[in-house]
Structure formats: C-alpha cells, structure tokens
Amino acid sequence: MENKLTHFDKEGKAIMVDVSEKEDTSREATAKGKVIMKKETLNLIKNGEMGKGDVLGVARVAGIMAAKQTHNIIPMCHPLMITKSQVDFSIIEEENAIEVIGIVKTTGKTGVEMEALTAVSAAALTIYDMCKAVDKKMTICDVHLYKKTGGKSGNFIHEK
Amino acid sequence: MENKLTHFDKEGKAIMVDVSEKEDTSREATAKGKVIMKKETLNLIKNGEMGKGDVLGVARVAGIMAAKQTHNIIPMCHPLMITKSQVDFSIIEEENAIEVIGIVKTTGKTGVEMEALTAVSAAALTIYDMCKAVDKKMTICDVHLYKKTGGKSGNFIHEK
Amino acid sequence: MENKLTHFDKEGKAIMVDVSEKEDTSREATAKGKVIMKKETLNLIKNGEMGKGDVLGVARVAGIMAAKQTHNIIPMCHPLMITKSQVDFSIIEEENAIEVIGIVKTTGKTGVEMEALTAVSAAALTIYDMCKAVDKKMTICDVHLYKKTGGKSGNFIHEK
Amino acid sequence: MENKLTHFDKEGKAIMVDVSEKEDTSREATAKGKVIMKKETLNLIKNGEMGKGDVLGVARVAGIMAAKQTHNIIPMCHPLMITKSQVDFSIIEEENAIEVIGIVKTTGKTGVEMEALTAVSAAALTIYDMCKAVDKKMTICDVHLYKKTGGKSGNFIHEK
Amino acid sequence: MENKLTHFDKEGKAIMVDVSEKEDTSREATAKGKVIMKKETLNLIKNGEMGKGDVLGVARVAGIMAAKQTHNIIPMCHPLMITKSQVDFSIIEEENAIEVIGIVKTTGKTGVEMEALTAVSAAALTIYDMCKAVDKKMTICDVHLYKKTGGKSGNFIHEK
Amino acid sequence: MENKLTHFDKEGKAIMVDVSEKEDTSREATAKGKVIMKKETLNLIKNGEMGKGDVLGVARVAGIMAAKQTHNIIPMCHPLMITKSQVDFSIIEEENAIEVIGIVKTTGKTGVEMEALTAVSAAALTIYDMCKAVDKKMTICDVHLYKKTGGKSGNFIHEK
C-alpha cells in the first residue's frame, strides 16, 4: 500500500529506514522558503548587503553549516556525505520578503531533501535572529521541497 | 536610533552581542508554526497518535532536543541554560494542518525566542521527514514568535 | 601476535586505526543490554506504552540518534555512514527488566559494533533518566555485542 | 502521588521538566559501572597503564568529554554547567573486571546523575572499543548511580 | 608549589578541575594570531572585503561559532555561558599577513582564555581553507593569549 | 585563471564547492605546528610522559577527535569519512617547543588538509589549556600543511 509511513516498522515503532541495499546514485534537492518582514527591516538588510551589517552573509553560512548537521537534528535522517551545499537569497519587494533557496547534492543511498530543507530553515531563523531587535513579527513561511532529482522515487518538482 | 541591527558592531561586522551587563532574569518564549499537508497524510498521523507510527512523538523529541542546539545552529545566539522545553501539537482539521507550539524557559541574560523558534522548526521538519514518502508537497509556514515575557525589552505578543 | 591492541601504534600511542585499504562491505551488528528496576517502575513503563508517558518511545529515539554520534563519543571510532539504526525493547517480567536491542548496518570499511553498543547504552540511560524520580536504584547491565556479520574478522555471535 | 514519571505532562506527553523555580544549589553525583573481560585482556590493559597502550587514559578522556555531551544524548536532560568531571578506574582482579567511577559536580537547578552515568557509560564503551580486537565478549554491567548530594530530593546512596 | 599542572590529580590522572567553590565573576580574554600568506593571496582577500568573495566574513562567523564549541574540542575545558564573542581582522601589509583577534566574555567560575584562542584558531583555519586553492603554503602563527581580566589569578597581558 | 578563490560562486557568494563529479580516490595529508613554551613547562610535560600527568596523551585524543569535527568547525568543509587519524609529538629541546604532527587519510572526493590542520590546532590548544596555569605565554606557531598526496591537484610538500 502506497500510503505507508516508511519511518516505522510493522509494529509501528520508529526506525531509521534500512537503505543498505540501495545503490549509490547522484542526488540533488532544492528547497525554498520565505521570511516576511516589515519594509523597514527589508531595507536594513538590503543596505547591509553592500558590506556592512551583512545579515544574508551570516545567514548563508548558517544554512550551509546546518545542512551538515541535518542527521543530528532530524532523528530518522541518515548521515550522508554532502558534496555540495549552497544557499541563495532573492528579495521579493512586493511581499516585503526574502526568499531563501537551499541546494544540496550528494552521491549516496538516500536523498538530500531534508538537508536542503534544514539549510533553508536555519538560514531563515538566522535572518530572524539578526533582525529581531527591530522586527519581532517576522514570519517564516512556504518552506517546501521545490525540486529533487536522482534516487529510486525519481524526479519531483513542486511549483507554488 | 531604534532601527539598528544589534548583531553588528559600528563598522558593520557581525558580533555576538555583549550581554555581560544584563541581569539574570526569568524569561519565556512561545513560538508557533504550521505544517500543511494532504488530508490523507493528516489522517495517517492522527492514526499514529494511538500508539503505532507515532510521528508526533518523534517530532516532539526532535523539537525539544533542537532547542538545546540552537546556539550551534544560529551563529550569533548565546549559549544558555534552558530550564524548560516543551513542544505541543494541535490538529487543524479545516486547514489539513498540524500546528506546532514550542515553549522554552530560562533564567539568564538573554531571551529564548530563538530556542522556541528552533524547536518549532525542527519538529516541523521531522514531521516532513517522516511523512515525505507519502506527501512531498507538505509545506511549513507561519513560523513566528507568538509570545515572550521577561527581559529588558518587555513582554510581547503576536496574534495572527 | 593475536593479543595486540589495535588502537595503539608500535610505540604504544593511541591511534585511529588505518582502514584505508579495507574494502567497503556490508556490515551489521546487534548489541543487547538490560535495565533492571523495581516492579512498580516496570509497570509504569508498560502502562506508558499505551500512548501516554511513552518512556520507550523517547528512549528509542535517543538510541537511534546516539548511534549517529558514536564517533564523537568514542575517541578512536571512525565516522561512518549508517544505513540502518533500530532500537527494540522487550519486557522480561521475571527479572523486572527491560531488554534493549540495538541493530545497526552500514556499507563501509569498518564495523558497526560500537554504534550498536552506543545505541543500547543511550536508550538505557534515557530509560533511567525518565524513571529516576521514582526509582534511583535502576541498574544497566549485560551490555554486550550479541552478533556481528560482515568484515574481515568474520561473523560472531555471543549468546549469554 | 509519588510514582509519577516527571518527564511527562498531564496528557502523557514527553517534556523537559520545568526547573525554572528551583534554586541554584551545589550538587554532586557519583556513578559506577564495570567492564568484565578475559584475564588476558585485563592483563593487556594493566600493562598499558605503564605508559604504552594506555587504554584507561583514553577512556578517561572519553568519559570526561561525554559528561559535557549528556544533554545532547539524553533527550529530556537539561543543559548545565559542569564544574567538575572526573573518571577513575579500579582493577577488580577476582572478577577480571575494571570498575569505572564517574564523579560530576555542578552548581545549578538540576542534578548531575545523568552526567555521571553518561561519563561511566562512555568510558566503559571506550574500553570495549579499544580491546574488542582481542575480546569481543566483554560485557558492561552494574552501571548505577552510587551517590548523589544536593538538590531538593536530598542525599542518596546505593551500595551494591 | 607553583609549577603544578592543575589538570591532573595527585596520582597524575587527567581531570576537569573542580571549580565549584569559585565565585561567578566577570571575565574577559583576548587572543591573537596571524595567517601569513603570499602577497597575491592577501590581495584576493582584501578585494573580497568589498562584498564579493568575503573570506573574512565567513572566517568571522567560524570563529564566533567555534568559541561556543570550545568545551567539546578541548577535553578538560568547562562548559560556560559566553556572554560575548567577537572576532576581528587586521591586515599587516608588510608581513603579508592577516592578524586575527578574538575577544570573549563570560560571567562565571572559569576564564575564557581557551574560548578566545579557539575562536582565533578556527577563524585562521577558515582563512586557510578558503584560500588553499591558490596558496597551500599559508602558515598560522603567533597564536597566543594577549590579555585576560577577571578571576582569581588576576589580570594578564602579553605584548609580543 | 589560477588565482580564483574556489569557495565563492561567480557573484562572490560563499559556497561549499560542488565535488559531486570528482572521483573517490585515496588521499592523505600531514600538517605540522609547534607550541613554544618556557623550559620549565617543557620539563613538566616531559616528566608527565612517564605516566603521570600525561599532557600529550590527552592532547593526542583531542587532536584525533577534532579531525572528525572539522566540517562542523570550518564552514565550507565537506563532511568526509576519515579512514585514519594520527597525532604525534616531538620535543624540540633547543626551541623549548613541542612539534605537533597530524596525519589524516580518507578515500573520497576531497582532500583531508583541513582535517590534518584541525587535528594539529586542537592538540596544540589542549597543550596550552593543560599548562596555562604555569605558563600563560605559550605560543602556537608554524601551523602549516606539510604534505598532501592524492586528488586532482596532485602531491604537495612544504618543507620549512
């Protein structure tokens, strides 16, 4: 039955899924999310990009490093050897938002969806942390898997 | 000037803010967020609560543990001694969503907003991880600071 | 000479053994251990399995996550990519004990004995932690490698 | 009612207990455990103490460091500021065993029982790791809280 | 006798020093170090400061975060609650070097010398990592404690 | 152009370099560094080697363990599966110095230069920590990559 939650055994106990028999293949995942804020906050961040008060520079490092910690944050995630981790930002003026994009690659037995999502979440949280003194109402939303290639379940794309 | 980003020094370089002179006070923060999914996925999770395939039980542990890792995930966060960490879930049938609520307390020199937000994010990501085999389009949204008490900046509430 | 401790070089200095020349093979290890307690404590845990106060659910997550941290806890352990981590419990009524069973798999150059033993130890410690308010005299015992397959040293089984 | 498991809320959900209202007091805990092995293995370890192949020196470091990681291994443990961590060993010739003793102190709102027990477990596992090439049947047993002072629940001693 | 190594007990066994009886006082430490490189490498880094290829921005984050990990890297270091962590860089043209300065503060029972030194080392290593494709011969030198205030052993300054 | 800093993309943003297309090859790196101290301090350490107060034994464990943490300390480092980690010391009487040598091996897509350098730095910092009560002016210097084999950029040696 296709609806089975794979992270549980037959008795309903949580397990880290056995991927021993899976082949090492090239896998990539892209996740996206948004941080919505006041226009003044967005302006402060945009000014910082010019070299002083570089919020996005710090958030990028946070996201890249968090991808490597995914298996210590998400209990049932397998450890894996990330071969690329990238975090980009794009300003969405009309929504007073910053889009966060995380791209992770590996060659291994499991995908890197959670690593990409974790990178996006950590970068977004870091933006919140660095701006919370001026804008406590910032909201993180639309964190989702945008694209995934490689692996047995095949390619996937989720346009919102 | 009130709009200053506190995580940078006068030259615009990132710093962990000096809180040495702040007093130890009792502080609490509550953060909230939602995981939106297919009705079928929500039903699978609800069935699991009865003891088999307990997605929320695992996500709760993930959130509680992640709160303790906040200062290793968010670069400018101070380490602090959490005195309470709690993660609750509430089913929102009409939105096919699970609301995640994180409550963190400490007695210290800085607040626990980021700890509460990190707990919510990690719990939400764990829900995604455990259900992604059946629903890759789940989305994490509305992650925000709901309430905060204690500390010099005073109390704060953000009803959405 | 067969009795040589492999974790030291010729001068007796501790080293992480060089496994570079070893082949990647499929390896599996099962470790077991017991937590002995008062009958009342065991009853409390058994009642919790029904969905409220699920000690073993939390201990299972702790064990699975600890397996991934083995190389950071045991100094000379190699990091490796666990492909499966599973923790089971079985109630031994006549001994007022809970048996903890940890099963770990990998495809790699070294075995996963320490990962399985670490999973069992962490799960047992978590049981202790969650019940210590009612039973400080609980004891963890019989933690041992039960079975191991794969690798140059061949298969091994240790029935007690 | 005295039998309540404190790590769960009224609805039976796991929580990190709220210790905010507790006072900072001086606390100390001593845990003990044993590693039972072949006589030949014990002799190898004893010879190593003389400076070459110092199994116990490495295990001591592992135990001291693991105490600091307790709150990342045991899900509901509070982070706390250890003020002392010590690991000792004593050879029990007649049992072909090494006794491991862990002593941890803090000044804080919660006790250090789990830190002492984790130190003992990590040191014992490290002994296993370093000797497993010659003795896979080693067994870790009798891991228990030996003594605890400070805190509201008062002093405790457990002679075996 | 003044020459005693404090990190060992009377029998010469490594211990984390007992600081339970020490008072919580305000403490600060500054460490310094240098990364020496080719003129071309230094020029590349200086150009990056203008906003693209910001080596020092990444190294700063690495240093600040590493200070928080000190007690997990240095075995006998006590965990403590850093209240400030700052990493600065200064270009020394005539030596083709970048000076790294780490400043850490806490209110606690032990000093933050190791935290400041660890911050400097991690920032220096990150500079090496990010430039090693063009200059493998970079050298990290003169890593030393520059200044320390607070604590029983009093103030200290080390001008080189 | 040979002078490009590889850890940045075309727009100058920090990235973890994509090594997905690289082949798994056998790689080894040796790093060296020195800790310079007072003659009295060196003598204390030398005496400790005889079994009591073994500073270098603890520093060796610290270096070996830190190599495994490299990707969590250096932001753009890839996680990789170390197959060997070794830390040696050599006394340089005429300089009142201890030379620290770190050797790390892997079979993978990226080199282990940073792992070897991190092992040396952590071991040197641990020597500082354990002797700082008697000699606060110790200095860590000459930390450099001594040798590297394997990988596309070929072999490298740096005699000083």
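Order of writing sets the chain letters: A, B, C, D, E and F. Residues in each chain are counted from 1.
Heads up, the rule we're going with is that a contact is a pair of C-beta atoms (placed from the backbone, for glycine too) under 8 Å apart; a residue touches a chain by one contact, two chains touch by 3 or more.
All values derive from a computational prediction rather than experimental measurement.
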Chain labels contacting chain A and also chain D: B, C, E, F
Contact-richer chain pair [A-C vs C-D]: C-D
Interface residue identity across copies chain B, chain E - same or different by half: different
Centroid-based (C-alpha) most distant chain relative to chain C: E
Mean-CA-position distance for chain D and chain B (Å): 31
Rounded Å distance, chain A centre to chain B centre (Cα mean): 16
Length of the line joining the C-alpha centres of chain C and chain E, rounded to whole Å: 37
For chain D, residues that touch 2 or more chains besides their own: 13-14, 51, 54, 57-58, 61-62, 65, 69, 72, 75-76, 79, 81
Chain contact topology (line, ring, star, complete or other): other
Touching chain combinations (by label order): A-B, A-C, A-E, A-F, B-C, B-D, B-E, C-D, C-F, D-E, D-F, E-F
Complex interface listing, chain D residues touching chain F: 49-51, 54, 57-58, 61-62, 65
In the complex with chain E, residue positions of chain B that touch it: 9, 13-20, 22, 71-72, 75-76, 78-81, 108-109
In the complex, chain B residues that touch chain D: 26, 57, 60-61, 64-65, 68-69, 79, 81-86, 88, 105-107
Complex contact set, residues of chain D against chain C: 2-8, 11-14, 33, 40, 44, 48, 51-55, 57-58, 61-62, 65-66, 69, 72-77, 113-114, 117-118, 121-122, 124-126, 128-134, 136-145, 148, 153, 156, 158, 160
